[in-house]
């Protein structure tokens, strides 16, 4: 029996660099396989070659991809795309034609002319297959939720009864509820005997669906975890009470209370759009809340950072999400680190060089980095520099807003480990804002779960996310319990 | 595109040179007749003569510099005024920004050529011309500056600078201007192209920067174009070359400034 | 409250905004011009004019009144359809009546040619991105983009009228006759206007189409086995159309501006020619009236372009997304 999909020693290059270097594997009919690997390992590029598609700039450099015994490169067989192989992409919001209604999109992919009276029945059937009601047929993509959009994409991919579905991170852009929806749908597809080729960076969520895992590129390092510290006895450094904040007339945060003790790591966990970043900006004085108070060691702090004293500004530092924007593209690392020494610590010029070396040491960067521009550094290195810049102020509190979400998993765990060590050495209190339950579970002492702008749960991490259970599942339960209350 | 861009720059600088030294190398004066009207090109007048028998080559060489300098001055004035308004609008509070930008939006509703004509009717001289062109270009420059600065102002490193208490001169001079200078320069190129167009058009209407303005040479040569086509061809090619070269150069500047924020 | 249809809401708010803008424009046109340095009377009469003479002309033109009073009178006249009087005492409305049609004819003909040509060239270039056909179209339009219409007109006169003797160099239309009767006089003016507008519209449409062809949803359609033809028809054209309609309308209205100079080149009897003559004789009243009328027309077209965009974009038409 021939394999449904056979990848033979495939080599793909882009800009003179091999992005897929001699990958081979097979998928048997009815079998489901996950492809995993660090970001930049060419997972998506590999998946697209199964459909005979090379993105701009990618060249086929050797090897072959066979679907049902026929090669897909350089030209796929005519009935392959949409016929034999269906495709589901990463971001459902961008996968659907925004100018066509759901029914039109679905009818078009069936690629056969359907008499007018039978059309609505066919569309209803295709929607029913992915558990969506008929009413959605007349909607445009922007009138659907993320989970619904992705299920419409799956319906379109299934419309011509393919034998293989290529899934490129189909749940990455979705929130927790939509993700569960889509994973359940794909499990049903797999149970119906259709093979899946599932590209993912997050094995935990696909484990229950796939039969086998293929890893390409460098293996990812194990994620980091730390021993929680008992902090109850330590003094409180930062207290926020009743924070309500928003933009214009919409409030994003509602009556949020938060307490931070010295040396503790508090994780603020929540899905995208619940106001986590707003909380970070409120605490660091960049966004003025509508109401609420903030106190630093019992002293009331003004909300606006411009009204805070030098010591107060230095005490709370922010490290942001996007390493690309964190540093000025035309200023060297040295300038970035010197300014806080001048403005916040009033350090004499003679001591700058020594201090910069100490700071770069602390974030495990070589001293040579000091004279580089941010453009010459990788995302992980920039994020370390941003952290060093925050440390340069000698803060008591560092607010980290999704500092690892733009990084691949090995860099992510290295940064988290470093943060944890710095905290132990310097007695820093850290507010770690994240959407990733695994990250929160692995490094935090206490947890604060945000849902629709409110504090849904707060408590010791060990109690809320006991080891041995999937943190993501636990968080979902916590949130569902909360909505029942 | 980059080969075309380089050719554009080369052509642009060559033209600049010819135009700037033009009045010095002109063989005759602009007003003195050297032969019969509409005489074809000859040894005495390389590009022939115009309807009054004046030397076309000299008139062309004498007319370039005022056209170029007036366009430059007008584009610089417009870009400067517009950029300042745009930067202030982007960095100040939202309501003040809107109030600064709104009158400028009203101006963009009028085709530039009409604004030019309006200003020239009221003030028919070179100052009027510069003011008119500056008025038409300022609103567009303001928009460019505002959106470029707004993109930069929200970046994490600027907020970080605000949070560590940097003063205005550092914020504007060190954090924001280095990042918006590229787009502003590219915008100046575009304004210059538009200014050449308008100044030449004013010349065409007889209200230009000088009596030998290239636009004016075109309109004077039109009636006799059948007799002396070179008199029409020469200024037409001159304006077209200047416009195209300026456009290619500004297009290249715009491409270079892109990707800076990526 | 009954929900207002998003399109109607858009139209109403746009209309209100336009009325405010038009009022602001009229103020700028009248009072702003008065604030310009220099004085129209002295610059017209020359430095040798005696103060008595200047005062006399001033009183004759009503310039001795305060500017706001004059503005009020002028505005009141316009509201009643009276655009004022020219320096020679003729009502501006009368001056315009015979010419408006001719100018509109010119702009409409040029726009009618512009629409299919720019759409075809723009899409063709985008589909062949980076290949010779695209380079030719992109380079050609970049070169043509910056050249003033009257210079293009000059070239056309040299090539088509003088070189090849195909067409008349001057649009002589006998008094009382319409240019439609003498269609040969229309060719050069229309062509001059078209070429520059075409360069701009083609570039914008090419950029929009090229962007759409790289969009993830086009990749998804390709990966679902849709043919390039179907993708072009169902995904690219709908995405480009809102942009294209805006550009066509904007270029159409900007042709009125370009027409001012082109009409002068060919002696074509439109409002452009009247405007130019008025500028040259310093007839401020006529120029102000024309600027206001054309500015109003531009605002109206901008509003239509805005509404067309809303109408052609599902996300805007249906009023935002699902929560």
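We just call them A, B and C in the order they show up, numbering each chain from 1.
Throughout what follows, a contact is a pair of C-beta atoms (placed from the backbone, for glycine too) under 8 Å apart; a residue touches a chain by one contact, two chains touch by 3 or more.
Worth saying up front: this structure is predicted, and the values here are computed from it rather than measured.
Participant: What is the set of chains touching both chain A and chain C?
Facilitator: B
Participant: Average the CA atoms of each chain to get its centre, and name the chain whose centre is farthest from that of chain C.
Facilitator: Looking at centroid distances, A is the chain farthest away.
Participant: What pair of chains is linked by the largest number of C-beta pairs in contact?
Facilitator: B-C
Participant: Using CA atom averages as chain centres, what separation in Å is found between chain A and chain B?
Facilitator: One centre to the other, that is 48 Å.
Participant: How many angstrom lie between the CA centroids of chain B and chain C, rounded to a whole number?
Facilitator: Centres of chain B and chain C (C-alpha means) sit 20 Å apart.
Participant: Give the residues of chain A touching no fewer than two other chains, as numbers and ranges.
Facilitator: Chain A, residues with two or more chain partners: not present.
Participant: Any idea which chain B residues touch chain A in the complex?
Facilitator: 155-157, 159-166, 174-175, 178-179, 260-262
Participant: Applying the document's contact rule, which stretches of chain B touch chain C when the two form their complex?
Facilitator: 1, 4, 102-103, 105-107, 109-115, 117-125, 127-128, 131, 193, 196-197, 200-201, 204-207, 215, 218-219, 222, 225-226, 229, 232-233, 235-236, 239-240, 243-244, 246-248, 251
Participant: Which bits of chain A are touching chain B when the two form their complex?
Facilitator: Against chain B, the touching part of chain A is residues 284-286, 305-306, 310, 313-314, 318, 320-322, 324-331, 336, 339-340, 343-344, 386, 389, 393.
Participant: What does chain C use to touch chain A in their complex?
Facilitator: Interface residues on chain C, with respect to chain A: 214-217, 219-226, 230, 234-235, 238-239, 313-315, 318, 321-322.
Participant: Which residues, counting only chain A, touch chain C once they are in their complex?
Facilitator: Per the touch definition, chain A meets chain C at residues 48, 51, 53, 55-56, 79-83, 86-87, 89, 91, 94-100, 104, 108-109, 111, 140, 142-145, 153, 156-157, 160.
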